[in-house]
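Please read through the structure below; I'll follow up with questions.
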Amino acid sequence: MIVDNALYHRGKRVPLGDGDDQSLGSARVPCDPGDFQWIGIHDPSPEELELIAGTFDLHPLAVEDAGDSHQRPKVDRYGDTLFVVLKTLWYVDEQDAVETGEINMFVGHDFVVTVRHGQGIDLSGARRDLEQRAQVLEHGPMGVLYAICDRVVDEYEKVGAALEVDVDEVEESVFSPARTDDSSRIYVLKREIAEVRRAVLPLREPMRKFAMGVHPDISAENATYFRDVADHLQRVSEVIDNLDGLLSTAFDAHLARISVQQNEDMRKISAGAAIVVVPTLIAGVYGMNFDTMPELHWTYGYPYALALMAGVGYALYLFFKRSGWL
Amino acid sequence: MIVDNALYHRGKRVPLGDGDDQSLGSARVPCDPGDFQWIGIHDPSPEELELIAGTFDLHPLAVEDAGDSHQRPKVDRYGDTLFVVLKTLWYVDEQDAVETGEINMFVGHDFVVTVRHGQGIDLSGARRDLEQRAQVLEHGPMGVLYAICDRVVDEYEKVGAALEVDVDEVEESVFSPARTDDSSRIYVLKREIAEVRRAVLPLREPMRKFAMGVHPDISAENATYFRDVADHLQRVSEVIDNLDGLLSTAFDAHLARISVQQNEDMRKISAGAAIVVVPTLIAGVYGMNFDTMPELHWTYGYPYALALMAGVGYALYLFFKRSGWL
Amino acid sequence: MIVDNALYHRGKRVPLGDGDDQSLGSARVPCDPGDFQWIGIHDPSPEELELIAGTFDLHPLAVEDAGDSHQRPKVDRYGDTLFVVLKTLWYVDEQDAVETGEINMFVGHDFVVTVRHGQGIDLSGARRDLEQRAQVLEHGPMGVLYAICDRVVDEYEKVGAALEVDVDEVEESVFSPARTDDSSRIYVLKREIAEVRRAVLPLREPMRKFAMGVHPDISAENATYFRDVADHLQRVSEVIDNLDGLLSTAFDAHLARISVQQNEDMRKISAGAAIVVVPTLIAGVYGMNFDTMPELHWTYGYPYALALMAGVGYALYLFFKRSGWL
Amino acid sequence: MIVDNALYHRGKRVPLGDGDDQSLGSARVPCDPGDFQWIGIHDPSPEELELIAGTFDLHPLAVEDAGDSHQRPKVDRYGDTLFVVLKTLWYVDEQDAVETGEINMFVGHDFVVTVRHGQGIDLSGARRDLEQRAQVLEHGPMGVLYAICDRVVDEYEKVGAALEVDVDEVEESVFSPARTDDSSRIYVLKREIAEVRRAVLPLREPMRKFAMGVHPDISAENATYFRDVADHLQRVSEVIDNLDGLLSTAFDAHLARISVQQNEDMRKISAGAAIVVVPTLIAGVYGMNFDTMPELHWTYGYPYALALMAGVGYALYLFFKRSGWL
Amino acid sequence: MIVDNALYHRGKRVPLGDGDDQSLGSARVPCDPGDFQWIGIHDPSPEELELIAGTFDLHPLAVEDAGDSHQRPKVDRYGDTLFVVLKTLWYVDEQDAVETGEINMFVGHDFVVTVRHGQGIDLSGARRDLEQRAQVLEHGPMGVLYAICDRVVDEYEKVGAALEVDVDEVEESVFSPARTDDSSRIYVLKREIAEVRRAVLPLREPMRKFAMGVHPDISAENATYFRDVADHLQRVSEVIDNLDGLLSTAFDAHLARISVQQNEDMRKISAGAAIVVVPTLIAGVYGMNFDTMPELHWTYGYPYALALMAGVGYALYLFFKRSGWL
C-alpha cells in the first residue's frame, strides 16, 4: 500500500496530485537538480514493488529482499542506489517484550523509497517532523536516510532503557530474601537482548563508515550527523552488552542462592526432626518393660515424662534457633 | 558416475552426443568463446577423476581432494581454475538430525566440473532450474558457481530454521513444570549446531571476497549476486550463533531447574516425614508404662489418641500445604 | 552556571572583568595569537549553553550532547573544535560504591569550554593547580585538555585501588571458614567494575591516538604527555580486567564452598540422627513384650539399659568425631 | 647420532662414501647448482651439533634451540637459512594418550639438516618415500621441508581422528544410564587437546605465509603444496576446537546428570524410608497401653496388624513406583 | 643507591675512579664513539634520580615513572632514549608463591641506566656475566638491554615451570579419592598466573617489534637476539594460558567431585539409617500389646527376635554393600 508520495524542492514539500496508488507509484516525477521524490509504502504487494522497481530502476535482488520481512540489517549499494535494511524495535510494556519490525529503504540521487513491514516506527510521523526541519531535508535523500536512522536508533535507546529497568527488577528479585524462580525471567531477557543485538550490531559498521565520510554519497556535513547515529548505536550496544553481562552474573548469583536456600532448608528440616525424634526416644525409654523403673511408679511420673519431652524439645528449639538453623 | 554433460552456448544448452560415460568424460568439447561445458559427476571412481583431470588439466592436489569426501569448505585457486568445496546440509525430520554431504567444483574459463559426494542437494534439479534462467547462465561458469552456492546456502537457511524450531521445543521443555532431562537433547543440538558452523564459517571469507569483486574472475554484476550469497551465509551464521547462545542459557536454566526441583522434593519429603513422625511420638507416649496415666483409663482413650494423631497429622498437612512445602 | 572565565597569556592568567554570568559567557575575549580563553560551566541551563555555543561557534550536535549528562566517553572533532566527553569516577567509602559524573569539553584553537555535570572532580581545583604549572599551560588548550584528562584518569586509578581492596575483602570472606553469602557482594562489585570499564574503555583508543601524535592538534611534546595518560588508562583497564577475572574465580570458589558446607552439614546432621536413633532401637527392644527377657528382671536392668544407650550414643559420637563428620 | 647423509642431484640420491659419522657430518659435499645435501641426525650430542653448525654456517641461537627438545613450533629465518621447529604427535592406543616428539630442520639453499628428538615420526621412512617422488625432490630443500611438514601434519590428523573416537566414548558414557565418573576422563582429554593445540596453532601462521607464496624461498608451485599443508593444519585445528567445545558441553551435561541422579537417589531413599516408617507408626499404635483397645483382644488381631503393616507398606510401594520415585 | 658505574669500550670494562656515589652518579664520563657508560641503581632516592636525570638529560615523565615501583611493563621512547619497564618474577618455594620486582632502564646512545626496585633478579651478577661475553657487549647499550631482557625472561620460564609443578599437584589432589578442598589452592594459583600474565603480556608487542627490526635502534643482528627473547616470552605466555585453562577445567572437575561425594555420602547415610530403622520396626512389632502373639510366649522368643533384627540388619548391610551404597 502506498502511504505517501511527495516531491521535495529546496527542503519544502511540493504537493503531488492525489491520484490513486497505482498512478502515483508508477509515475516518476520529473525533478529539478537537487529535488527528490519520497515514496512511502507499507506491506507492499509484489505487484506494487514490481511497479516501483521499474519506475526507479531498482536492482532485482534488492527488490526481492525488500519484499521479504526477515532480512538482517544491512547497507548495500546497487549501482547508484543504496539499499538499507533497518530493524525497528519497540518495547511493549504490557508483555515486557521487545517487538520487531522492519524498514527497507532505497536511496537514490533524486528519490527515496521507504518500505515498512509490520508495525513499528511511525514513518508518516517521521515525515511530518522532517518536513518541519528544512535544514535536514535540504541534504536531500541522505538527509531522509539520516532522519529515519536517527529515529530508529532513538527507539533502540528506549528499548535499552526499558531492558535496564527489567534487569534491575530481576536483580532485585534475585537478591530478595523471597524464594523466586528467576531463571525463566533471565532467559527471556537474554533472548530479548539477543534480539536487540541482532538489530544493532550489523548496523554499526556501515554507520561508522557513513560517519567517517568514506561513503561517496556522504558529504562532510552529513557525516557529522551520521556520527551522531553511530554514537548512539555504540551506546546502545554497550548498554546491551553490559546488561547481558549483568544477567549472566545475576544468574550465577541465582544459582548460588538456590544452593544456599537448599542448605537452609536442610538445616531447618533437620532441626525440626531433632525436636520430634529426641522426645520419641524418651517415650521409648519409658515404654521399656523393666521390672524396676522407679519413675514409672512416681505419682507425677507421667507429667514429669511429658515435661521432660517438652523441655528437651524446647531446649533443642532454642539451641537450633541460636545457632541459626531455625 | 558421470551424471550429465552438456555444452552451454549463450545461456542455452547444446545437446551433446549421448555416448557412454567414458567417452563423454574424456572428450573435451571444443568451445566458441563464451561457451562452456558442464560435467556433473556423482561419487566418482579414481579412474573417472583421473580421466577428467586429464581432459581439463586439473591440478593433482585438487583432484586428490575432490576424490575425498571429508574436506573442509574452501575456495582454492590452482592456476586458472577455481576449486571449490561446499558442504551440503539438510535436516532429516524423522531423526531431528542434520545430515551432511559434499560438493566439489572445478570452475575454469570454459568448463565447470561438479563432483557430488553422498546424498544432499539435487544437482540435476539445480541444473534444470538454471537452464530456465538464461540471464544467469550467460555469466558462464561463475554463473553456475553462483547458482549452486545459492542453492546450497538456501539449504543452510532451511536447516537453521529447523534448528530454531528444535531450540524452541527444548526451551519449552526446560521451562515446563514437567521434570525433563533436557541435557542430552541440548547436547545433541549443540553438536548439530557445531556441524552447521563448520560448514558455514569457512565459506564466509571467500564469499565476501567474491562479493567485494576482488576476485579476478568476478565481474561487478556477478559480485552483486555473490553478495546475496554472502549475505545469506552471514544470516545463517548469526542465527546459528544466536541458537548456540540460547542453548547455553537454556542449559544453565535447566541446571537451576534441577536444583529447584531437588529443593522442592526435599521439602515435600520432609513434610511427609513430619506427618508420620509426630503421630509416632504420640503413640510412643501412650506406650509408656507409667502407673498413673489417666488417658489410658478413659473409656474413649483409644479413639481419642487415634483422633489426636489424625488431627495432628492433618494440621501438619495443612501447615505444610499453606507454606508451599507440599 | 558559569563558574570561572579567564584569559591565559603565555601560561599566565589574565584577570577578566568580574561581571555577571551572562555578560561573561557571551563575550568572547579578543585574543593575541597563542592566548586562549577558558570558561568553566557547571550543570548549565539550555540558555547558557546556547549563549556559549553562539560565542564560540560550536556545532549544534555537540552542544546537544553537552547538555545531556548521559553520554558515553568519546573524542569527536567538529570542524576545528574537539568535543571531549569524560566520565569522572570516584569512590565513596561509606557506601563502598563507585559514583560517576561527567565532564564535557570543547577544545578550540584559542578557547576551552569545560562543562561539568553532577559531582565529581573539582575542576576549580584543577584550574588552580594548572595555573601553577606554566609549562603545561603554555601548550595552550591542548595543555588544559591533558591536565584534565590526567586528573580524571588519576581518579580512575584511585577507584581501581579502592576496588582492589574490596576484592581482597571478598576474597578473604569467601575463603574464611565463616558461612558468608558473598554472592550479592560479588555481584555489586562486578556491577561497579562494569561501570568503571564503561568509563575507561572508550577513552583508550582516542588517548592512544593522541599519544601517537597522529592527531593534528597534538605536537610531539604534547603527545608524550598524552602517552602518560594513555599508559595510566591502560593500567587501570588491566587492573579492572584482572579484578573481574578474580571475582569470577572467587564466585566459583564461593559456589564450591556452599556445596562443601552443605555436605558437611549433611554429615553432621546424619551423625546427630544416628546418635538418637540407635538408642531408640535399644529402647524399642526392651519395650518388647516377650515372656522371657532376662534383662527385664535384673535388679539393675533399667540403669543397665540407660547406660547401654548412653554408651552406644557416646561411642557413635566418638566414631563420627574421629571420622570428621562432627 | 648421524642417521643418514646423502646428496640429491636432479631429484635422485647420489651415494656418499659410507665413512664414520664424524667424517660424514663434518664434510660438506660440493654441490652443482640445484643439488643439495640432506643430513639426518637423531638426539645429537652438543659436539655433533657444533660440527654441523660449523659445516653449514648455522646461527648459534638456532643451534642452541636445536639442541633443546622443548621448543615451541616456529619458523625462523637466520640469514639465508630457515630454522623450522615441528612438534610430532602420535597416539598411543594402549594408554589412550597423545605422545609428543620434536623435529628441528635447517633448510638452506643447498642443504637440509633434520634433527629429531625422541620418538615420533620415522624420518628414514619419510626419506625413502620421498626418494621415490622425484617431482617433489626436484624442488630441492623446500621440497624436503614440504614432504616432512606434510607427513607431520598427516600424523596430526590421525591424532585428531583418535581423539574424536575418545570424545565419542566419553559422550556415550556421559549419557549412558550407568553412573560413571567422567570428569577425570574429560579432564585428561582436554589436557591432550591442549597439547595438540600447542603443536598445531603456532604453525598455522607460517604455513599460511608459505601457502600465499609471500616467503622468498617459496616458488608458486611450492606454495600450492604448502597450501595443502596449511589446509590440513586448519582442518586439524577446527576438529580440535570442535572436540574441545563438545567436551565442555559434555562436562556440563555430566554435572547435570550428577544432580539428576542425586535427586533420583533422594526420592528412592525417601520412598524406602516411608515404607518402613509408616508400619512403625502402626506398631507404635498397637503398643499403646489404653485399657480399651478392641483390636488387641481380637483372636486374629496380631495377624491383622501384621497384614495391615504389610498392606500399607505395599500400597506405599505401589504408589511410589507409579509416581516414579522407585 | 648507586651500585655500579662503569665505562665499556669495545666490549671491555674500563674501571672508573671508585669515588663516592654522588660524584659517580653525577659525572658523565666522556665517551669515544661506540663506548658507553652503564650505571646501576637500586631503590634510588628522589635526589639520586634527579641527579642522574640531569646528567643524562632524561625526560621528567620517564624519571617520575622510574621512581615509582608500580609501573606496568612497557617500552617507551623519549627523544633518543628508550625507557623500559620490566617486571621481574621469581618463585619462592617455601611459600609456593610468585614474587615480583621491577627493573627500569634508560637506554641511550652511549649510556644505560638500570634502576632496580625491590628484590628480584641479581643485576650485578648479570653485569659480571655480560662482561664475559664481549660479542654481546659490543652491540652497545642495546646489547645490555638484550642481556637483561633475556635474563628476566629466563626467570619467567622458571616461574612458569614451577607453576606447572603446582598445577600438577592440584590436578593430582583434585582427582585423588581423598576429600580435599582444592578451591582455595586453585584460586591462589589463578591469581599468581594473572600476576605472571600481567608481567608477560605487555612486553610481547615491543619485543616482537624489536625482533622484527622495525625499531630504529635495532640492527639486524640485534633483532635476531630479540627474536629469541620474543620467542621465550611467547612460550611463557602459552604455558601460562595453558595452565589457566587446565586450572579452570580442574576446578570444574573439583565441583563435579564435590557433587559426586555428596551423593555417595547421602547413599551411605541412607543405607546406615535403613540398617537401624528396620530392626526398630521389628522391635515395635513385638512391643505391640495384642492378647494373642504366639512369638511372645516362645521360650526362645526373645533371642529369636534379636536374631531376626541382627539378621535383617546384616542382610541390609550386605545388600547395600553389594549395590555400592556402603
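Order as written gives the chain letters A, B, C, D and E; numbering starts at 1 within each chain.
Please note the rule applied: contacts are C-beta pairs under 8 Å (C-beta built on N, C-alpha and C of every residue); 3 or more make two chains touch, one makes a residue touch a chain.
Bear in mind that the values here come from a model prediction, so they are computed numbers and not experimental data.
At the interface between subunit A and subunit B, under half of the residue numbers appear on both sides, which makes the contact a different-residue one. When the CA atoms of subunit A are superposed on those of subunit E, the rotation angle is 145 degrees to the nearest 5.
Remark: subunit C and subunit E have CA centroids separated by 26 Å (rounded to whole angstrom).
Subunit D has its Cα centroid 43 Å from the Cα centroid of subunit A. The set of subunit B residues touching two or more other chains comprises 255, 259, 262, 266, 273, 277, 280, 284, 287-289, 293. Taken together, the touching pairs link the chains into one ring where each has two partners.
The ring sequence of chains is given as A, C, E, D, B, with subunit A as the starting point and subunit C next. In the complex of the two chains, the subunit D residues touching subunit E come out as 59, 61, 71-72, 74, 76, 78, 181, 183-184, 186-187, 190-191, 194, 198, 202, 251, 254-255, 258-259, 261-262, 265-266, 269, 272-273, 276-277, 279-280, 283-284, 286-289, 293, 295-302, 305-306, 309.
On the side of subunit D, the complex with subunit B involves touching residues 171, 175, 224-225, 227-228, 231, 234-235, 238, 242, 245-246, 249-250, 252-253, 255-257, 259-260, 262-263, 266-267, 270, 273-274, 277-278, 280-281, 284-285, 287-294.
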